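These are the structures, in structure tokens.
One chain, chain A, appears in both complexes that follow, with chain B as partner in the first and chain C in the second.
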Partner chain A sequence: MKRSSLRSLPLRAGALLCLAAVPAVAQETDPFNKLDPNNRFSIELMIDSARNAGLPSDALRSLALEGIALKIDGKRIVDRVRREFTLLRTARTTLGPVSDEEVKAAAAVLNSGAKPAQLAAFKTREQGRSDLQAFTIWADLITRGVPSEEASSAISKLWEDGADDAIFYGLWKSVQTDISQGLNPGAALQNRIRETPVRTPQSKGAPPEG
Partner chain B sequence: MIDSEQHTYIDMIAREARRPVATDRAARERIMTLVRSEPAPHRRSSVWAAIFQPRFSLSPAVSTLLAAGLVGIGVIAGAFAMNRDGHQVGQPRFAAAQRLPVSDTVVKFVFVAPQAEHVSLVGDFNGWDASKTPMVRSEHSGLWTVTLPLPEGRHLYAFVVDGNSWSADPNAPFAPDDGFGHANSVRIVNRGS
Partner chain C sequence: MNEQKVAILAVLTAALLVPAHRELAAQIASKLDAGQFTVNDGTVPSSALRLAPTFEYQTPYATLTAHGSAFVTEQSLQIADGVLSGTFTSPTVYGVRAEMIGNASRAVDERSLGTDQVDVQTRVHVLFHQRGGLWLGGGVARPWRVAVISSADVADAGAWTKVGGATFTATFTNFSFTKVASVHDTASSALSCAVATSGTVPGAASAMRFVADDAAASSACERQSRFSDLEGSVHWELGALELNAQSGYRFGDSYDVTPDSRRWSSATATVWLSDRVAVIGGGGRQPALPLRGLPARTFFMGGLELAYWPISHNTIPVSLPHATLLKSFDLRPAEQGLEKIVIHVGGVETVEVMGDFSDWTPLTVTRHGRDLWELALPLSPGVHQINVRVDDGPWMAPPGLPTMHDSYDRDVGLLVVKDNKS
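Right after this comes the complex of A and B.
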């Protein structure tokens, strides 16, 4: 080997190390590298598709990261992310142009067992009114064992009567206390819904946002 | 030695070097036959030659220093490289707390676990990484707390007890089954809440 080649050997080695350092550091810190390449590709494809479709892709990424943190099998993570993608798309189609947070909360309601038709009642709303709390309590009630039809009907009725976040939260607090004391979830909701005050419908004439 | 003398000697050497050398014809033929029988050398591509036959040279010390500098730059650049979703990888812990956006709200999480040795908060705000948000135990009690800034919206979270047991917050609404056999909780953060 020529003398000049020998001299520049450390330079070449350094350049190669330098090129290798960037992906090496990124690999070390990217949890998606723990996935099988095929599963990773599937998940990244769904995240990209969600972004292109105007859906909150961060929900899919978060779900995949949760699965990775729990050391769940990659195929199962892919299946769950695919299901979430479908739920988000259904929620967006049903509710129309609402915020990403509302779409995610609505997808959770669908995931808990509610039907898209029951979600449609929330499509029109007063300007500035958010259904995040209503959706969260709705999903929780079904998760705790309240029959889906009863929970959907109660939440929709409160929503139409103009209930605010404090009313939804108060209802949830009462029902979960009753359930933790051993009352049947459905009966607990029926008892508490009768006691729940609702706002006087003074601003029902405001233009809908959706 | 002066220039005129130098030129004389150079001219003599040049003349001698240019003088034809008489060789044996048979010997020349033997040499040329041997040369022709050798395989032609493999020609490297121009790209290969450009990389491995540099037209400059550096001393070993300078080369080593330069290489070390390049590696350093690479490591620093790698540490701040972005992943495909635009999230910065290799961020220092609690970076969000150091640069609190105006829209974020400081939220306190509380969990009761008297027997626990270590409790962490995981959620969609920290990539479900149990090492990112450790909770602090109150003196002489089983109360674990952590305070952190969160953007407005709906957040999913859980508590990780002693590194392996995930628990939902009993004082917050449940999220539906995540599909992985674990329960999570929901915290809604409103502006100024």
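Right after this comes the complex of A and C.
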């Protein structure tokens, strides 16, 4: 063996060790490694299934990562991811060909307690109109204790009347203030919805604001 | 148990179930410990059902706590003690935080009408990024209906550190007061009177003053007392399991420290069965508390903790803001297609955000002024879940954003990022 080869042997060995260490480091940084292999397999299977079904699989991944960050039990994470998968599929089926973001937001509304049929009003929409703000306000109202039926009825009505993001946000701010002052959540929504301005039928076709 | 006491118990239990308005800056927390409690000092039934409700009203820089305990036997409901505490904490400035603590308490046992105490204490804390800290404090305590007849000077110092899920604390506390020693008091105090009377110990008599006439001099005297407690404790959280253990030693001469209070150790374990129900078990020895007229005792306990809005465990010896009031939270367009999170909150050391956009990894927000904090992020259009925390406190939904209970039953903020292209 030549002297130069002998000299470079430690360097080559070092390089090999470094290369061998790369996958190990990658494994260490993969948060899914903190899961039990069976739970990890279940979650990855659901993520793949969601991707194949045209559902926003990143929502499932994010939910699993949140559970891992919170040190939630692996089985509970699998249960929650499975539930989210079902919600995403239901939202997609109900709303039809809408964006992934809208499917995720609709799934959040369902997770809050709304029923799939209550999403039907959002199936048809004017071009370029986004229902994201409406969905977040809807989820918040249910979370604050507004009965699901009343919240969905109010949000659907506003949506059908052509309310824009600013109107939804204004309604939410008013109801939030009333609830924090001790008013019954359902009554607060009913009071404020009567004061909420909506577009006239003539202007319904105008592009949304914001 | 008479009807009045049953009514009090029912009201306490019902109050625990009153939901709190979490969207307010202040919030109410409550818990009820219920279980079997066994002691060997004879001041309460040797083994009885113990009920201990606790309520807390928390604002960002003040906490009001009411705590009590009662023992239920077949015949009666015996109130054991009650404590009303208030804590005011200053904002942290360059890692230094001031704290003022006030307590009013009453302890009741079967042998007396009860003892009362009011105490006020001030502490200055030095915090090292809330992973560790030191404190120095002092205050006065005024007891009534106990052998201690003066205001007691209390001085303490300590250090704590967090290692993983464990918090280690070491505390040194010095008590200085005047007490009445009599043959009806502890053995060591009786000895001190006897010694003073006979004058066999040089110097001992100088610290004493007889409080009765000659006829009674042999059974009652005043003396200056002083003792110091050195205590180490650990709080360890491991998933649903919480362990608390403490051990201590009391310095002082034999006139002030009874043999049964010289050393003590105790431990409790809490296993959370759900977010609101836990099983608690433990036991050990507690030293005498002369200022409250409580003797040393050995205890064993086992039972349930019901927490409608769980009270955060004070794992470190400083009251951190429970729900620091964020003044505002905004999202603004930034350079290079980024979105800038802008938060206004004063008097804190660290601000962090996390959400789906960070794979739920905490991101540090940078301070840009006295109370201005900013962080530029590549947020895609859509709805993002986001939470914020200050000074390693609890994660909370940012103010001014719609919120929802997420899949793990936590409140998260919903941030709508609009597609600027459309």
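Points to keep in mind about this one:
Here is the rule we use: the second predicted complex is superposed on the first by the 183 of 210 C-alpha atoms of A that agree within 3 Å, B and C clash if a C-alpha of one lies under 4 Å from a C-alpha of the other, contacts with A are read in each partner's own complex, and residues count from 1 in each chain.
Everything that follows uses one rule, which is that a residue touches a chain if its C-beta (ideal position, glycine included) is under 8 Å from a C-beta of that chain, and two chains touch if they have at least 3 such contacts.
Fair warning: this is a prediction, and the values are worked out from it, not measured in the lab.
In the overlay built on the shared chain, the residue A:D140 is in contact with chain B and with chain C. Put simply, more of the residues of chain A are touched by B, taking chain B and chain C as the two choices. Once chain A of one complex is fitted onto chain A of the other, the partner contacts of A:I179 are limited to chain C, with no touch recorded for chain B.
Within the superposed three-chain model, A:R83 lies in touch with chain B and with chain C [touch as defined at top]. When the two complexes are overlaid on their common chain A, residue A:A120 makes contact with neither chain B nor chain C. Contacts of A:G128 after superposition: chain C is touched, whereas chain B is not reached.
In the superposition on chain A, A:A69 makes contact with both chain B and chain C. In the superposition on chain A, A:I193 contacts neither chain B nor chain C. In the superposition on chain A, chain A positions 31, 59, 62-63, 65-70, 72, 76, 80, 83, 101, 104-105, 108, 111-112, 132-133, 136-137, 139-140, 142-144, 165, 172 are in contact with chain B in one complex as well as with chain C in the other. Listing the residues of chain C that touch chain A in their complex gives 21, 23-24, 239, 354, 356, 359-361, 381-383, 385, 402-408, 410-411, 414, 416, 418-419, 422.
On the chain A side of its complex with chain B, the touching residues are 2-5, 7-11, 13-15, 17-26, 29-32, 44, 47, 57-59, 61-63, 65-70, 72, 76-77, 79-80, 83, 101, 104-105, 108-109, 111-113, 132-133, 136-137, 139-140, 142-144, 165, 172.
Within the complex, the chain A residues that touch chain C are 31, 59, 62-63, 65-73, 76, 80, 83-84, 99-101, 104-105, 108, 111-112, 128, 130, 132-133, 135-137, 139-140, 142-144, 165, 172, 176, 179-180, 210.
Put simply, chain B touches chain A in their complex at residues 52-54, 56-60, 63-64, 66-71, 73-75, 77-79, 81, 83-85, 89-90, 122, 124, 127-130, 152-154, 156, 166, 173-180, 182, 184, 186, 188, 190.
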